[in-house]
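First the structure, then my questions, so here it is.
Labels A, B, C and D are assigned to the chains in the order they are written; within every chain, residues are numbered from 1.
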Amino acid sequence: MTVFFQQLINGLSLGSIYALIALGYTMVYGIIKLINFAHGDIYMLGAYFGFLAITYLHVGFFPAILISMALCAILGVVIERIAYKPLRNATRIAALITAIGVSYFLEAGTQQVMGTSVRAFPQVLNNQVFNIAGLRITEQQIYIFVTTIVLMLILQFIVKKTKIGRAMRAVSTDSDAARLMGINVDATISITFAIGSALAGAAGVLVGIYYSSINPLMGMLPGIKAFIAAVFGGIGIIPGAMFGGFFIGICEAIVSGYGGSLFKDAVVYIILIVILVIKPAGLLGKNVKEKV
Amino acid sequence: MTILKVSDLTRNFGGLCAVNNVNMEIDEQELIGLIGPNGAGKTTLFNLLTGVYEPSSGKIELNVDGQMKSIGGMKPYAVTRLGLARTFQNIRLFKDLSVLDNVKIAMHKNIKYGVLAGIFRLPAFYAEEEKVEKEAINLLKIVRLDHKKDEFAKNLPYGEQRRLEIARALATHPKILFLDEPAAGMNPQETGELTALIHEIKEKFKVTIILIEHDMSLVMSICERIYVLDYGKCIASGSPEQIKNHPRVIEAYLGEEI
Amino acid sequence: MDSKNFFKLLTAGALSLTALAGCSNDGGGTTDEKVSIGLHYELKGDAADYGNAELRGSQLAIKLANENEDYQFTYEGIEYDNGSSENEAITISQRLISDGVVGVIGPSTSAPSAATYPILNDAQTIVVSPSATANNQTLVDPDDPNSDVYEYVYRVCFEDSYQGAAMAQFAVDTLGVQKVAVYGSVSSDYAKGLNTAFTEQLEKLGGQVVANESYQDGDTDFSAVLTSLASQEFDALYIPGYYNEAGLIIQQARELGIDCPIIGPDGFDANTLVELAGADNLNDVYFTTAYTTVDASEKLQAFIDAYTEEYGEAPAMFAALAFDATNLLIEAIEKAGTTDKATVNETIANMEFSGVTGDFTFDETHTPNKSVLVVELVDGVQETAVSVTPE
Amino acid sequence: MKKMLNKANLYWLLFCVGGYALLMGLMSAGIIDAVNQTVIQTIIVNIILAISLNLIIGITGQFSLGHAGFMCVGAYSAGVMLKQIGGLNGFFIGILIGMVINAVLALIVAIPTLRLKGDYLAIATLGFGEIIRIIVLNMDITNGAAGLVLPRVVDFTILFVFMVVALLIVVNFTRSAAGRACISIREDEIASEAMGINTTKYKVIAFVIGALIASWAGALYAGNFYVINPGMFTYSKSIDILVIVVFGGMGSMTGSVISAVVLGFINSFLQSFSNMRMIIYGLALVMIMVFRPSGLLGTREFKFSSLFKRFTKKKEASQ
């Protein structure tokens, strides 16, 4: 039983990271219905920004994460303006291909600039270990979990209680109507990209600290997993993305922990498909039938 | 002879009862009007009859070769195959396809060659395709769109799009034709033409027609019988004369001119 | 912007890139007779880490050769990126053939290699592979040990089965291990080949694999599997795989309190392993390799110094292997005194080569006869090296 | 029979035979060198993949990202049979086995998931494709991650014939009643169903045909390119195919063909740029989409009949 709870803790740490990436996916999707394939690469760049900040500016954990979030936010907005904005009225699949192009560009560009090899992420946290009731919890895990929860609460506050959050919800429901109500739709979309990318940046730094290894292709798989997490919880729904992220993290940990590490991805996909077949709009999503 | 019988039909959406215990009995080749204020449940009733929604309770029966067959809850395509065809309130043409293709698609259930015959271009393919083309053009002639057969549906003016929807519905060889607000957005002249067209179709195809319409002059001039819906309930039915003077109808339409 | 302008833009872009490429291909040459060597590596994509390390090794070898006044030819490396894709590897091989190379160094990994060999061999172009370690990789049909060897294909690395068996021998004989947990990669045939050979030899010597877990290359979270391993009993943990994952596994394993010896293949041999695992965690860690910095030979030390000076970092095993592979080809060309491919090929087949990863000749499968060294790490530093031969 | 020999069909036949003869001639004369021969082989495999995916995405409007999975099954069926039986016989038996497996798999995938819409369908099919790959990765007969090393048994003629047959099937399907039904699903599923079309049935048919043709592409790949391993059939492969389809124009088979050719040569051209090429490729994708979001051809098709029309019109004008 202890092993099971230990796996749960492992899964929560991994799930926190998926959840942070999934939030960005879900926000962008909610507002312009774009599967932003490049989001996983923003997360990767977040890790590199953190790496550079710690290595060359010799900053600590919190400054590193803030620098990385700020740079990722800027990057997200720049990408949106250059690559996605011209396609706002094109088919969604054209926008998707653009996102794939951006993803290739960021990956190959990072390989070119930073080199292809794996970098060891500098350790800025003491790795103290706490033993609680036979369970091993590291200081890093606590940092990851707490940072994730705090960021999510801030996000929830922004979306639900602030003016910009209201604008985001309005644009996501009906961007034309929002424009008529005097909302600056372009600015709102940019802010959504900024927030989503900042969260991915934070996830990048956290993952760097947790696993102490970063490389230019590290964003591909977590990007897909996070998208699955978002779909799983009901894409466009913020609590859904959090829930999906945690669920997938825990699921992977438990499957690998019990000897199925080769099938951990397969199990995630199977659960996803089953959920979608039973509840086509995701776990927390509402089934909206098209009006005839 | 009864062709469609609706008994105690009810549909709830959450707490809202959109269609409440509606009973109808429609004879062959009747021309029926379905009226009521906005939100009365007319389109929901259409959607129930054509299989888009499943009834919460109640029965819908269709006369199929002399037998009354329950069709409530059947899939829309199955209902269409049994002889019910419809148009949509908010026009649902295949916008990026040609006018001719719109009609051809609707003839699908009557095409007698399979997928493989299509892929390998067996003789049946050529024979059937020729037939389909001829019939589709004939239908377009009836709605006076044959000269526009190669245009994209989305490029037609509004009135013509409505007529194309009617032609498309006819292409399924229906026994009952449901028209959801066919005159919406038309000017008086177009409405007049439409009235003539509906009469022509009824005579030519021996088809039963049920239409939802807000244009009372149209309804009163062509419908043989009228059902009135309000808050999901059928509050009156009868001839146009009877409906005009029915106290509950006047109440429901208070402020609206009949 | 209309389409006309767009195409103008595209053309302009393409032209400027062509110009750029023209510049970069212009290496400094001194003599007229330039000998082209194809450098066919994974510079982007999943295996880019290994490909880039090898490219540097090859470039250094060519640079040093051109500085060597005893050599009669000037060498030029023609680089291509196969993007870690087998399909691309084929066209690149054909490009190299039409570029008129004498020989090709690369690719780094087995799958693109398998796609390349038939083409290069048919064109009688020599291939010296730095790191295609798969069992029977140099044979026409790798599933049939009796099939013909590709006449023009050589490799300078061990075969997987050889060093896997050597590690099992060392574990039982020297470490006195009986029960071993294996946590290996399934993404590469390298790791799978090692795993099979290790297990076979271990069982032959009376040992036992008590747990067999797997990961995929690119994974970063091993805590789940290691947590369940930590609750089992074993004398050693064998990690057949490369340093990128092995480094993290060692770090996470030590943190979870797995303090038995950790053993692995030459895939451990890179500075990245130390960076990822942390020097403190690298005690009681052993790996098989062909070359070691312990009591480094003069030749090896010279290579390490030259490499460090050139690139500002210590070479990984991949760079050393590529350095040897490239030097092997260059030396053969010098020795044959011609760029005639058949003659050079004959020279290689009978050559006694002395490189930074050991002195060797080729056996009948064009695989080197090198002795396996087992290196021990103490605080992340190579401490001792012993030679092992599997029985 | 008479109708089959109409003008357009005749011209297509001439076009195919002529194209084949021309390419064959250029190859044997050495004007098309080895590099470009391989590029052409790759393009042919990509054309088959693209049109089969186009049938699902472009014609029927079902966003599938699991195509690599079907290709994987085709490749491994042919690969395993090539190992077991060997030669062209083994290859063709492998193709048949691959088609049977793929038909079954496509049905298993299609029936539950095709109820899903848009991106939900995309991610569910992506999941199925990955599941297939993970199973192949863990099987013994497929030799796991190492994959299979195979002899080359396919030549240009076989590739070309398969491509023409695949094109013929997809184009004829699209221009038959069933194809019209599929297109109507793409345009408006509700209206389509109201017109008496069993939308589920036609989605499944299109999906199965697409899967079968994708399995040919996989088999041809295995028989032509020496090596197959599970790493080739990740979702990135599905995305690569999607890129070809979208770049050519969704719903346009002509577009898919042209796009496969153009991207194939762009890619080959970029090989000379060594490690800059993925960066350029990514930028090119973005630029192409920004400037031509509906792809090269949109939904337009090349037809000999419209060529005649234009020609006769010009004649009339000149008279």
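In the analysis below, a residue touches a chain if its C-beta (ideal position, glycine included) is under 8 Å from a C-beta of that chain, and two chains touch if they have at least 3 such contacts.
This is a predicted model, so every value here is computed, not measured.
Participant: Of the pairs A-C and A-D, which shows more C-beta pairs in contact?
Facilitator: A-D
Participant: Using CA atoms only, can you tell me which chain is the most central one in this structure?
Facilitator: D
Participant: Go ahead and note the Å separation of the Cα centroids belonging to chain C and chain D.
Facilitator: Spacing between the chain centres: roughly 36 Å.
Participant: If you average the Cα atoms of chain A and of chain D to get two centres, how far apart are those centres in Å?
Facilitator: So the centroids are 33 Å from each other.
Participant: Just give me the whole-number Å value for how far the CA centre of chain B lies from that of chain D.
Facilitator: One centre to the other, that is 40 Å.
Participant: Spell out, as numbers or ranges, the residues of chain B touching 2 or more other chains.
Facilitator: Answer for chain B, listing residues that touch two or more other chains: 52, 88, 92.
Participant: What are the residue numbers in chain C that touch two or more other chains?
Facilitator: Residue numbers touching two or more other chains: 43-44, 46, 186.
Participant: In chain D, which residues are in touch with two or more of the other chains?
Facilitator: Within chain D, the residues that touch at least two other chains are 137-138, 190, 275-276, 278.
Participant: Would you mind giving me the full set of chain pairs in touch?
Facilitator: Going through each pair of chains, those in contact are A-B, A-C, A-D, B-D, C-D.
Participant: In their shared complex, at which residues does chain D touch chain B?
Facilitator: 1, 3-4, 169, 172-173, 175-181, 183-184, 187-188, 190-199, 205, 299
Participant: Which chain A residues qualify as touching chain D in the complex?
Facilitator: Chain A residues touching chain D: 29, 35, 37, 82-83, 86-87, 90-98, 100-109, 111-112, 220, 224, 227-228, 231, 235, 262-263, 265-266, 268-270, 272-273, 276-277, 280-282, 290, 292.
Participant: Sort out for me which residues of chain B touch chain A in the complex.
Facilitator: Result: residues 43, 47, 52, 88, 92 of chain B touch chain A.
Participant: Can you check the complex and tell me which residues of chain A touch chain B?
Facilitator: 292
Participant: For the complex, which residues does chain C have touching chain A?
Facilitator: Touching chain A from chain C are residues 43-44, 46, 48-49, 51-53, 186, 213-216, 218, 220-221, 223-225, 227-228, 231, 243-244, 247-248, 251, 255-256, 272, 275-276, 278.
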